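Note sheet for the following structure.
Letters are used for the chains, namely A, B, C, D, E, F, G, H, I, J, K and L, taken in the order the chains are written, and counting of residues starts over at 1 for each.
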Amino acid sequence: MSEHVYKHIELTGSSTKSIEDAVEGAVKRAATTVRNMRWFEVEQIRGQVDQQQVSYWQVVLKIGFTLEP
Amino acid sequence: MSEHVYKHIELTGSSTKSIEDAVEGAVKRAATTVRNMRWFEVEQIRGQVDQQQVSYWQVVLKIGFTLEP
Amino acid sequence: MSEHVYKHIELTGSSTKSIEDAVEGAVKRAATTVRNMRWFEVEQIRGQVDQQQVSYWQVVLKIGFTLEP
Amino acid sequence: MSEHVYKHIELTGSSTKSIEDAVEGAVKRAATTVRNMRWFEVEQIRGQVDQQQVSYWQVVLKIGFTLEP
Amino acid sequence: MSEHVYKHIELTGSSTKSIEDAVEGAVKRAATTVRNMRWFEVEQIRGQVDQQQVSYWQVVLKIGFTLEP
Amino acid sequence: MSEHVYKHIELTGSSTKSIEDAVEGAVKRAATTVRNMRWFEVEQIRGQVDQQQVSYWQVVLKIGFTLEP
Amino acid sequence: MSEHVYKHIELTGSSTKSIEDAVEGAVKRAATTVRNMRWFEVEQIRGQVDQQQVSYWQVVLKIGFTLEP
Amino acid sequence: MSEHVYKHIELTGSSTKSIEDAVEGAVKRAATTVRNMRWFEVEQIRGQVDQQQVSYWQVVLKIGFTLEP
Amino acid sequence: MSEHVYKHIELTGSSTKSIEDAVEGAVKRAATTVRNMRWFEVEQIRGQVDQQQVSYWQVVLKIGFTLEP
Amino acid sequence: MSEHVYKHIELTGSSTKSIEDAVEGAVKRAATTVRNMRWFEVEQIRGQVDQQQVSYWQVVLKIGFTLEP
Amino acid sequence: MSEHVYKHIELTGSSTKSIEDAVEGAVKRAATTVRNMRWFEVEQIRGQVDQQQVSYWQVVLKIGFTLEP
Amino acid sequence: MSEHVYKHIELTGSSTKSIEDAVEGAVKRAATTVRNMRWFEVEQIRGQVDQQQVSYWQVVLKIGFTLEP
């Protein structure tokens, strides 16, 4: 590990299943445009309620990835 | 969608199973007294430890619902 | 319940499976050195990304336990 | 002014016009069910974007009112 | 203790005497409309100054109570 | 609405007129490079003072937009 | 611009009209005792409710000004 | 009450007796240089420990006072 | 005073009497295992409600003590 | 200075030498892809420990730059 | 040390060299008008970027000083 | 890297020289009692002022280390 610079992006992932699934969906989507992802941080957990039930889990997260030198 | 006013209530849901289950339990209970729920936000995740193991997941959440005009 | 004093420790648990599993792993490890644990609070949820996928869930938590008088 | 107790409620007001209008709409709506309102605090300012323009201002606020003794 | 849901309300208590007295006044007032109160959290301590002296202690607190299932 | 992923960007808009105008200016500028904007959140309101008067309102905001799947 | 030192003061401005007007009132008042004001930051937006309507907007702000070397 | 501007100052009061006494000491000291104090907010409660016992309560507070127009 | 290193521990003290008493109880308990305590900071004030009255004051605090070089 | 819009990006710089060096490294790297940088804000200071010594300083910072109109 | 009251002031120091130098500059400037300074707290670290390089370190700090009784 | 559990401790390091030196002093002291340190986070930067000059830099930091399984 050397004197890297990392960039952070902020996304919201959503899922009908779980908090983990919403995070994984966001990471998967990010993988289509960003390389060398290293870590994520959950910033907020929220969701939609429809018909008086939880319909979507929404997770705001930051993802950090290494910038090529 | 028009110029609605939403009210927020704050609850703690608890579950022996998971964070998601604690949220869903709180939303289900709220549904018995509140109509037109729209979203929730998780404010804190905590729990009880008994016999040196996690016994309850407790999730503090805010629920927002549309007030009738 | 009387005029107890509680001590708090802060740990990070990690798991390849879920947020709940990372918390339970940390509580289990704490149980080898601390007695009378009473509650925990999740302070941060984060994780590692390897090969463009979530590889580890890491949960920072505080655990409170009763001090013997 | 004596040893009053005040209750707080949290609302989101929305308006197509301005932040002030969103607050005033929420206070007006609250006036239909709550008496003796005394103050408000803005907690968050957000909004909707439709067709690439701001369509709604949404203001989360707390309102405090005196409880009858 | 089972899978309860708790509701939180936010109040400001006021007292000419002390912080503790302001909290106890708010809890006493809440007891006239809410059952099964379990805990409180102090969110802010403030007060009025009249004639260059502290005239009122005002304490913002949240109270949690068990909802009947 | 399905399992979307949203991206957030952070901007500062500035205006000599009002807070709302600073937000709308930032949204308008963002519209030249970003599609499918859905919401914004105000994060900070500040400004410049010149000749002892407010000369600019500056509003830091986050904008969320839907990523194409 | 050189190695300046800036001082910050904190004020609350109030207005019956708008948030912007409350800020401008506070800056105008500060101008009677402070020179070389450079920027302001809004720290809180709140207000009074009288007769079930918003009567005053109150804005807490910090003002920064250059100290003479 | 009209369109006043209020100034805030921040002090730490200290007392060997209690939190309330530390606040009252700070308000009393402020009264020697500032007029028209209106409110205070407690920002932090801390203290010194000497000989393994609490020796001083230290309370950081903000005091707001009306500026003459 | 030289180039010391201080360690911090976090405790919750509880008391049926007052906030100050809860802090002093925690400091007294800490004195049985820790030497050279120097300061404390209150992090949260909360409590239990039983039979519709405050039964316990609970104060979360950090204590700092000098480590022997 | 006119009605500019600024964009913010978030980076982590790292350095074996100092906090300032980590910030300067991140600014230098950003300069390869972003023009018209105007300011930065430090959001977090952290680092790696290897062989029981600080091996890397890591500084999370936001950088603001002017968007071309 | 007795029942002192301390006042806090907030400044921004700036330096082309380092964070420490910006703090020391602010303390030196404060020393021309304030006596009995006791401590400082760094509240924010930021800076200017000119020609794609860090040109100024700016540090917001609070300084506490003893008020004469 | 496997399913480790990490423990965090909180220290204040102090130095007459610099922020970095205060951190390194705390890490060095911690190394006498703790093994497998992995990272640190700066939580607060403050200091002492004596004779109207900065005499000590004090840095509050958290250190994380791997617990043996």
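Basically, a residue touches a chain if its C-beta (ideal position, glycine included) is under 8 Å from a C-beta of that chain, and two chains touch if they have at least 3 such contacts.
In this text the structure is predicted, and so the values were computed from the model without any measurement.
For the pair chain B and chain F, chains touching both partners: A, D.
Counting hops only between chains that touch, chain D reaches chain I in a minimum of 2.
Note on B-C: its contact pairs, compared by residue number with those of H-K, G-H or E-H, agree for more than half at E-H. Looking at which positions face the partner, chain G and chain H present mostly different ones, since fewer than half of the interface numbers are shared. Relative orientation of chain F with respect to chain I corresponds to a rotation of 180°, obtained by superposing CA atoms and rounded to a multiple of 5. Compared with chain J, the chain whose C-alpha mean position is the greatest distance off is E. Comparing mean CA positions across the assembly, the chain most remote from chain F is I. In terms of their C-alpha centroids, the spacing between chain B and chain G amounts to 38 Å. Centre-to-centre separation of chain A and chain J, using mean CA positions: 22 Å. Residue positions of chain H touching 2 or more other chains: 10, 19, 48.
Inter-chain contacts occur between A-B, A-C, A-F, A-J, B-C, B-D, B-E, C-I, C-L, D-E, D-F, D-G, E-H, E-I, F-G, F-J, G-H, G-K, H-I, H-K, I-L, J-K, J-L, K-L. The touching residues of chain G, when paired with chain H in their complex, are 9-16, 25-26, 29-30, 48, 56, 60.
Contact residues on chain J toward chain K in their complex (touch as defined above): 19-20, 23-24, 27-28, 31, 35, 37-42, 63. Taken together, the chain I residues at the contact with chain E in this complex read 18-19, 44-49, 52-54, 57. Within the complex formed with chain I, the residues of chain C that make contact are 1, 3-8, 10, 62, 64, 67, 69.
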